[in-house]
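Below are two complexes that have subunit A in common, paired first with subunit B and then with subunit C.
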Partner chain A sequence: MSPLTGVPTRAPLWRDVRVLKWVFQLVVLAIFVSIIFWLYNNYQVNIQKSKIPTGLEFLDNPANFTMPGNDFNQSSPVWSAFIQGFYNTLRVSIVGILLSIFFGTLIGMARLSKNFLVRTVAGAYVEVIRNLPLLVLLTFMNLAVVLQTFPRIENAWKPLDLFVVSNRGIAIPWFEGSGTTLLTVLAAALVIAGLVAWLRGKYSDRTGKPARGLLYATAVFVLVVLGSWFTLGYQWTLPFVEDRGTLGGLRLDPSFFALLVTLVIYTSSHIAEIVRGSILAVPRGQGEAADALALSGPTKMRLVILPQAFRVALPAIGNQSLNLLKNSSLGAAISYFELTQIAQITVGNGSPAVPAFTLTLLVYLSISLTTSLVINIFNRRLALVER
Partner chain B sequence: MKLWIRRNLFRTWWDGVLTLAFGALAVWVLWTLVEFIFITGRWEIIEVNLKLLLVGQFPAESLWMVQGSLVAITFWLAAALGGKPRAPEDQVAWPRRIWDVIQRFGLIIGLGVLLVVLAGPTESAPLALAVVGAVAVGRVLNTTRHRVSWLARIPAIIWHLVLLIAPIALISLTLMQSELSLWGGFLINFYMAIIAIVLCFPLGVLLALGRKSTLPIVRLISTTYIELIGGAPLFVLLLLAGVALEFFIPSEVAPGSVFRAVTVFTLFTAAYLAEIVRGGLQSIPQGQLEAGKALGLSTVKITFLITLPQALRNVIPAQIGQFISLFKDTTLAGAALSIVELLKVSEAITKQDDFLGQGYIYEALAFVSLLFWVGSYVMSRESQRLEKRLGVGQR
Partner chain C sequence: MKKTVGILAALAAATLVVSGCAASTDAEPAAETAAETTTETTTTTSAESVLAAVQEAGAVRCGTRDALPGFAVLQEDGTHVGFDSDFCRVIAAAVLGDADAADMVDLETSDRFTALQSGSIDVLVRNTTWTASRDGGEASTFVQTNFYDGQGMMVESGSGYDSISDMNGAVVCVAKGTTTEGNAALESSRLDLGWEVRPFDDTDLLQEAFLAGQCDGWSSDVSQLTGFRSAYPDGADSLEILPEVFSKEPLGPAVLDGDTQWAQVVNWAILATIQAEEFGITSANVDSFLASEDVTIQRFLGVEITTDEGSAVLDPGLGLPTDFAYQVVKQVGNYGEIFERHLTPLGLERGVNALWTDGGLMYAPPYR
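Up next, the complex of A and B:
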């Protein structure tokens, strides 16, 4: 039989998959580039028409507004306002993330409790909070609870004489002295405690005796903190009402308090669902094996279930932490001086809108990308552990 | 009973302590709620401002269009999502079926009744009855469709298109009849959410396919878009759109704030949806793709006939979850762009002369929360049912 005639050895160009793929990509690229170019062109035309500066020079102008509670004033440059805003964003986010993870884990475990009431109450909490908009919760906390239900400063609530609760904010007992020293002490204590735990682990490996790393580490931590407390001469101060304000202790702004509490309530309900799902994702046999070894309930949780659930939960919890950071931008809606609020005010005071908001977005974006990078690294390390 | 109490409430002494503590908490919360709803709540603020809360300044003479489209949409949903007739062996007696319905819809019906009561029964009762009627008729229609042979032969797409004529016509009529700037209240939350959901879905699916694509340029563009939008807070994007959108489009066009909000919601949700759909695509076994190739299908056909449908089905809860958060996030448009949506209205009505400074914020926010809660809860419940009906995890 003669070879087929008329069949070309190569497909024609318009049917060659390799060619088609590249043509398709080039078309997509062309569309994309032309959209970008169109937007950029419009921007240039409109900017020239309205004569608005496009650079970042506005950062050196005086800010023309004040923030309560720090030495920022009218003539401080705009960039220092942004730095203060960034600091406030980080403050509410970091405290919020830690509290959310703590409460979220508790509620998530409560949802799986054998106790009917505990299970139902936790379930109701999660179902109610998850289906409400964050901004409604925030408005409720700010307008209804803090500004309306909390008493005026003259008849502030003073539970146990430790706190002062009024519609001017919450004051809590705090230490006297510089924050940096305390942070250094805490960090040093943490490092020493970690070292002790590690050494206990080594010791346990060598001798086969129980490590009790957490116990030893906690004890060392407390000792180090207490020791430096006395040697450095720290002191507690309790807040008290003085002349329509509070003195002593640490005063939390009403807006900070409202934002923090709302973020924690909202995010912990989401984390609770993640924790519940992750605990359920641990194979049943693991729990049964722990039962067979006669481990008690809490020990079983601590040594068998939670470590394995943690691996499943980590990426999702990381995501929720990022969501909390991004949601903290809602502080602008209740005049908490975080990054978004600062950007909004400076734009209102005449800074150019596009560069100011782009800068804000870039800050959020860089935190987000760094955090997700860190989570990814952690995740890879955890996932590599052989089961 | 005694055994149940012992097992579930008082296993150990610690369990008993927990039971007492949580019991006290539950009783206190429930009592406060009941007291607030029936005794201390001053609901006249809702009754007086009901129209503002629900539709804002929407012209009263065109209101029937909104009500009509609401009824028509519920009708379509009930007819589309309503259950198929049970197989003969699954037939159960009527009392049991009624009990099933009560179990499934009891909470929602109860809350609906509560809404009607709080809002003043005379005005909203006919509409509520019409919605309930639409649901009932829709379900019956769906059952008939599966029973009657010539109806069953109509392809699903034509069936849905016919049912959708009424809502689409009414919605377009509404859009043409009145200026968007007059819209307000819950209506605008609802419409913004619906429009953004419809628009973001194709964009999100395309981005997901782009991110999973083997073509490097397409992948790079999709990934960059998803990461950039995903790392930015929605609120900042809305603020940016409020002050900066006009710089990026020709100056002849002057977009209204609702347009800006819907643009941002669409672009934002598309990025999140893309990640969800990508998860779905990754859950499809390689064998499906290979089977498609073995049949000689092109890549496009494999994607749209084999992998994508299964991927979308596998991630229904996550998709609906994203739509629910979009629905909830429409409240941000009020704070960022001064759109008079529900939350904004509810704050404003407490500042009316009759209600100023008397602490009406509780009642106003309670009403807002109830509306959003019912909306989100219904969506998540129906997503679970849809999942079951499509047989996720079974086929």
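Up next, the complex of A and C:
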């Protein structure tokens, strides 16, 4: 006898918002997947019709070209060219990212300097560089600076007889021996230095005395490197001109130099702005509190302002690092042997274009995703815990 | 929890829908749209020959380049002048009876085969070396070689290099993605010279680097080097080409695999220029040959051959107009004329590119 019988408890399916939402999502997904499938199918049909091999077998073919400055030769397989390209991409990116963060931070602080000249010069630098297209900057660096400003090898500049600078590359003093040993030594020194810094922190917590972790760690690092240097019997070699090239030392390829310098100039102008903004984002009271404690200018910056600014800046700097990595693909335009250049060359030498570039794409994607994963982990640890 | 299950269900449903599309045959109406679009794209490009498409469009799309002196140079008025450009015109004259119906498409070295594969050009006439991997891997078919070349080395006149074996530890600059790159590496390891081979995206950049002294040697096909030398900003005398030739570089037009008819058409268009030179027919005197009594010439020029049983014109069934050879010679010229027009001024000799009757390699099969 309930008066409510016959009144539907639910809306009909076609008017149920929950159902409609799902249907809409499904339709979108289906359309998306069909488009992908359609494109892929077209690719397959057309590629089969023109009888182009589609697999990754081309990776085992001989590469048919050489790269300056390493053991790779024309009978090495294509895959080893890709590995070398991957390595070169990482090399320019890692060095570039470290230098960009360093210079970017300096310029960002200079932007806030009380000194008019420093502030204005830094401001002009940021405004000019940030507003230029990277490829133009790179081409300029290669054609105008490396090719035209640097001397020919016959008249190479030899500052202090330590360096040899010509448009065939820049040779710097280096050590003799294998790179792996050096890396092992550096890694070991880094671990020991880290350990010392950590122990100093513990000590400081216990006694209340200043930790000076960075100072101690640097000293230990230098000691370990120097110690192993002498025990392992390493020696410097100085570069010198021989025939029409240089011998000894470490030779930086002119295209590596042009790419690295351009990437650093460009990226540090962006990082400078991030650093400036992050410093300004640190609450005023923090600086005033540091002043009240009579901390000196540099100490205030190092212990109070920068650590808090860094927390704000980290995600954005991470983004710029990723940008630098992706921008390193422009090196192909000036013949730096990074991943994109390798892909172009192997395609020119008979590797199928679509698989070769798909592979390149996936490699970039995996480097980028790994980097952003690391940044995210850091960021989560550093971010303010808000409740 | 409920949400996750929902998402999973949605994904599963979507996968079902899509895999249904993928696996279905024509009989299944559910997948009609997907199947239709696929067949449509298939039929537009297959089955009919490029020849039919070219005749319908009234133009031959010819892959070429814009800045190789002697072979193909883009003029200020938008036309192309050069040996390769003339062979594009030869093909257009043969197929369409109009040498100006060749649409020149400028390509970079590294994208020339992709252009051919994707069908954005009909024929590639761009100093391309015929190699087995390109025949096999790049889906291309090479036809009659129109220039037999070889790789050489160009150096500055005052460099002190007299032969490539002097060039120990030299920096050798080449074009990126070419056979030149591999040959230079091979020659370096064969003679144990330890060259640093630097590739460049295009020849303008290479020339900049060479001018600035970044390279000791510039390696490429001798014909190209001759061309670049003649147009060098510091004057041709500031450069010299070393005597050695260290590779075989047969340069010829290429078409897409799987279209025999079009390949034959392009082939015979090239061969007609060689045959015409052998007959002594030039663009200037071709009309006087129309009255020739020689049956082989009558066949070649597509003149009506009168016999006791009547008269006929030879149509070998290539798909070309019967007067194609006449059009080629009349509008563009014979092989020797094209060579003299573009390559002789650069200082290139006929050499192996002479007619077989003169001890060269240029030989056309009989037209009958």
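By our rule, the second predicted complex is superposed on the first by the 374 of 387 C-alpha atoms of A that agree within 3 Å, B and C clash if a C-alpha of one lies under 4 Å from a C-alpha of the other, contacts with A are read in each partner's own complex, and residues count from 1 in each chain.
The criterion applied here is as follows: a residue touches a chain if its C-beta (ideal position, glycine included) is under 8 Å from a C-beta of that chain, and two chains touch if they have at least 3 such contacts.
These figures come from a predicted structure and were not determined experimentally.
K.L.:
Once the shared chain is lined up, is A:Ala30 touching subunit B (first), subunit C (second), both, or neither of them?
P.N.:
In the superposition, A:Ala30 touches subunit C alone.
K.L.:
Counting only touches as set out at the top, which of subunit B and subunit C does A:Ala144 meet: first, second, both, neither?
P.N.:
Only subunit B is touched by A:Ala144; subunit C is not.
K.L.:
Touch check for A:Phe116: first (subunit B), second (subunit C), both, or neither?
P.N.:
Only subunit B; A:Phe116 stays clear of subunit C.
K.L.:
Could you say whether A:Thr340 touches subunit B, subunit C, both of them, or neither, answering first, second, both or neither?
P.N.:
First partner only.
K.L.:
For A:Trp236, select first, second, both or neither according to whether it touches subunit B, subunit C, the two together, or no partner.
P.N.:
Once the two structures are laid over each other on A, A:Trp236 reaches no partner at all.
K.L.:
What is the contact status of A:Phe102 with respect to subunit B (first) and subunit C (second): first, second, both, or neither?
P.N.:
In the superposition, A:Phe102 touches no partner, neither subunit B nor subunit C.
K.L.:
Who does A:Asn42 touch here: subunit B (first), subunit C (second), both, or neither?
P.N.:
A:Asn42 contacts both subunit B and subunit C.
K.L.:
Based on the superposed arrangement, let me know which partner A:Asn64 touches: subunit B (first), subunit C (second), both, or neither?
P.N.:
Second partner only, subunit C.
K.L.:
If we overlay the two complexes on their shared chain A, which of subunit B and subunit C does A:Leu132 touch? Say first, second, both or neither.
P.N.:
The first partner, subunit B, only.
K.L.:
Residue overlap on subunit A between the subunit B contact set and the subunit C contact set?
P.N.:
On subunit A, the overlap between the subunit B and subunit C contacts is residues 25-26, 29, 42, 45-46, 49, 143, 148, 332-333, 344, 347, 353.
K.L.:
Which subunit A residues qualify as touching subunit C in the complex?
P.N.:
22, 25-26, 29-30, 33-34, 37-38, 41-42, 45-46, 49-53, 58, 64-66, 68-69, 73-74, 143, 147-148, 152-154, 167-168, 242-245, 254, 332-333, 335, 341, 344-345, 347-353
K.L.:
Give every residue of subunit C touching subunit A within the complex, in rising order.
P.N.:
These residues of subunit C touch subunit A: 6, 10-11, 13-14, 17-18, 21-22, 34, 37-38, 41-42, 45-46, 109-110, 114, 117, 133-134, 137-139, 168-171, 176-179, 181-182, 185-186, 188-189, 196-201, 208-209, 212-214, 216, 256-258.
K.L.:
Touching subunit A in the complex: which residues of subunit B?
P.N.:
7-9, 11, 15, 18-19, 22-23, 25-26, 215-218, 221, 227-228, 230-237, 239-240, 243-244, 246-251, 324, 328-329, 331-332, 334-335, 343, 347, 359, 361-362, 365, 368-369, 372-373, 376-377, 380
K.L.:
What residues on subunit A touch subunit B, complex-wise?
P.N.:
Those in contact with subunit B are residues 21, 24-26, 28-29, 32, 39, 42-43, 45-47, 49, 113-118, 120-121, 127-128, 130-136, 139-140, 143-144, 148, 322, 326-327, 329-330, 332-333, 340, 343-344, 347, 353-354, 357-358, 360-361, 364-365, 368-369, 372.
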